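Chains here go by letter, A, B, C and D, matching the order in which they are written, and residues are numbered from 1 within each.
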Amino acid sequence: MSEDAAENLTLDDARKVLASQPFSVLLGARLAELGPGRAVLEIPLVPELLQQFGFAHGGVLAYAADNALTFAAGTALGPSIVTTGMTLDYLRPAGGTHLRAVATVVSGSRRQALCRCEIYAVAEDSTQQLCAAAQGSARVIDLTR
Amino acid sequence: MSEDAAENLTLDDARKVLASQPFSVLLGARLAELGPGRAVLEIPLVPELLQQFGFAHGGVLAYAADNALTFAAGTALGPSIVTTGMTLDYLRPAGGTHLRAVATVVSGSRRQALCRCEIYAVAEDSTQQLCAAAQGSARVIDLTR
Amino acid sequence: MSEDAAENLTLDDARKVLASQPFSVLLGARLAELGPGRAVLEIPLVPELLQQFGFAHGGVLAYAADNALTFAAGTALGPSIVTTGMTLDYLRPAGGTHLRAVATVVSGSRRQALCRCEIYAVAEDSTQQLCAAAQGSARVIDLTR
Amino acid sequence: MSEDAAENLTLDDARKVLASQPFSVLLGARLAELGPGRAVLEIPLVPELLQQFGFAHGGVLAYAADNALTFAAGTALGPSIVTTGMTLDYLRPAGGTHLRAVATVVSGSRRQALCRCEIYAVAEDSTQQLCAAAQGSARVIDLTR
C-alpha cells in the first residue's frame, strides 16, 4: 500500500468527497475515522432509513458497506478509484441509534485493493452488535483505456 | 415454486409492502412489474441519489438489487422472508432518467430462493444499458428457532 | 465483445488450454461446447470427486464454475486473462453421472467480462438438475503494470 | 457459538471427516489446526494441482476455501452442516510448496455461521503470501423440512 496514496486521502479530504455525494448527504453519513487501510462510516438510524419492521433497510446496510469499502480502498489507492463489486451477508436485523461500518484493506497493490467491512448496529447504551459483513474490491480508474 | 406463495404476493400486495418501507419511499422506488419468479423495480434518478460525478451512487444500485431480489423471492416464498446476502458487480456508471432493476428467481424450494438481478440505466429516449448485475438469496423466516 | 477475441479462442484452442492444465486433467474435465460468450464444461462424477455422502464435493463444483467462467470470458477477451473472483451458491447435492457447467458472458468490455454459470447434475437418463449457480469476472492481464 | 458444538468436532473427528472425502484425499489436503471458530487446511502443491503457467489452479484455491470455511463452521455448528455459498477473490498467482487456508467464524448462531478465509501460498523458506480471500456461510441441515 503506497504511503503517497494514503497521504492523498486525508480524513479532511475524504469528508469533502463524502459531502460532495448527494446520496451520502441524504443518508446523513459521516466519516468517523480514516487511516491507512481503514475507514469508519457512521449513519444515524433516522426513521427514513428503516424498513417495514422498524429495522435499518437492507439497502442502507448495502450503501454503508459499499461506501466504507471504497473509502478504505481510497487510503491505499488514492481518490481516483471505482468499486468493482462486493458481497454482503446479512446476519441479523439492525436496530439502535446508528450504524457503524468498519472497513479495512485486506490486500492492496498499486492498482487494486480488496477490502472487508463489518457493519455494527449501535444501541443507545453504546453496545454494538455485528449485523452484516462484506467483502469487496476497488481499482484505480484506468484513463488510458 | 409454490403457486400459493405467488398468490400470496400480488402486485398490489407488494406495492403496499414497498410503501410501508420508509427507505423505499425516500428513494422514490416503485414496483413496475411483479409475476411468478420475477420483479421489476424502478427508481427515478433525482439529484439526491447521485454521487460526486453525477451518476447514480453505488449504494442506490445496491438498494435496487437488494429490494428487487427480495420481491422476486417473495413471489416464490411468500411475504415472510429475509434476504440472506447478495453479490453485486458494478459494470459501468449509471446515468439517465431512472434505474430499472429486473430480478428473477433462478432456483426455489419451499424455504429458500436464489435470484439474479440486472440493473439497467434508462436514458430519456428509453434506451437502456446494463450497469450492474447481482446474485442473492432469501429464505423463509423460521419462527420455530 | 470483440469478434477478433472470439476468433482468438476456438474450441480446439480452448481444449489445448484445458489439456495443459494438470488439475483439469486430474479431474477429467472436458469442454463440450465453446462459442461467442459461452462455454460448457463437463466433469464425469467418478468416485474420487465425491465427498463423504456420495455427492460431488463442493470443491469440484467450485472448480467447474471457476473454469467454465474463465473459458466463457476467454471467448470475449482472448486467452491472456485472469479470473478476478467469483461467487458460488450451492443449491442442492449433486449426484448422477457427470456435472455440466454452462457459463455465459453477461457483460463484456475490451478489458473485462462478467459471466454467470449454472452447474447441473446430469443423471444416467440424461435428466439434469440445477445444483449450483455462480457469478464471476475475468480481466485481461495488464502487461504494462 | 456453542461449546457443545465445538466439542462435537475435535481435530481427530475432523481429520476422520476429511479422510472420508475422496476428493480431499485426491488433493492431499490435511487439517493442520482446528479450534473453536477456526480451521487451517494445508494442500501440498504437487504438479497435478497446477494450471498451465505452473501456479496452483484457481479450482484448488476454491476447494481450499470451501473446505476450510466448512470445517471452521463445523466447530461452531457441529458436523451436520451444509455450505450454502461463498465468494472468492483471487489476489495473485499462488506458487510455492503448499497452500495454507486459514478460516475463522465471523458470526455464528445455533443454526448458521458466517466465515472468512485467507489462502496463503507458502514458499520453501516458509515465507507466505496472501493469494486469495473468501467469505462464506454454512448452516445446520434441517431434517424437519
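Note that in this section a contact is a pair of C-beta atoms (placed from the backbone, for glycine too) under 8 Å apart; a residue touches a chain by one contact, two chains touch by 3 or more.
From a predicted model like this one, the values you see are computed outputs, not experimental measurements.
Set against one another, A-C and A-D show the most C-beta pairs in contact at A-D. For chain D, the chain whose average C-alpha position is most distant is B. The distance from the centre of chain A to the centre of chain C, each centre being the mean of the chain's C-alpha atoms, comes to 33 Å. Here the CA centre of chain A is 22 Å from the CA centre of chain B. With centres defined as mean CA coordinates, chain D is found 28 Å away from chain A. Shown for chain A are the residues that touch two or more other chains, namely 84-85, 87, 89, 137.
Interface residues of chain A facing chain D in the complex, by the touch rule stated above, are 87, 89, 91, 106-107, 114, 116, 118, 130, 133-135, 137.
Contacts from chain C toward chain A in the complex involve residues 84-85, 87, 110-111, 137, 142, 145. Within the complex, the chain D residues that touch chain C are 17, 20-27, 47-52, 57-60, 62-67, 70, 82-90.
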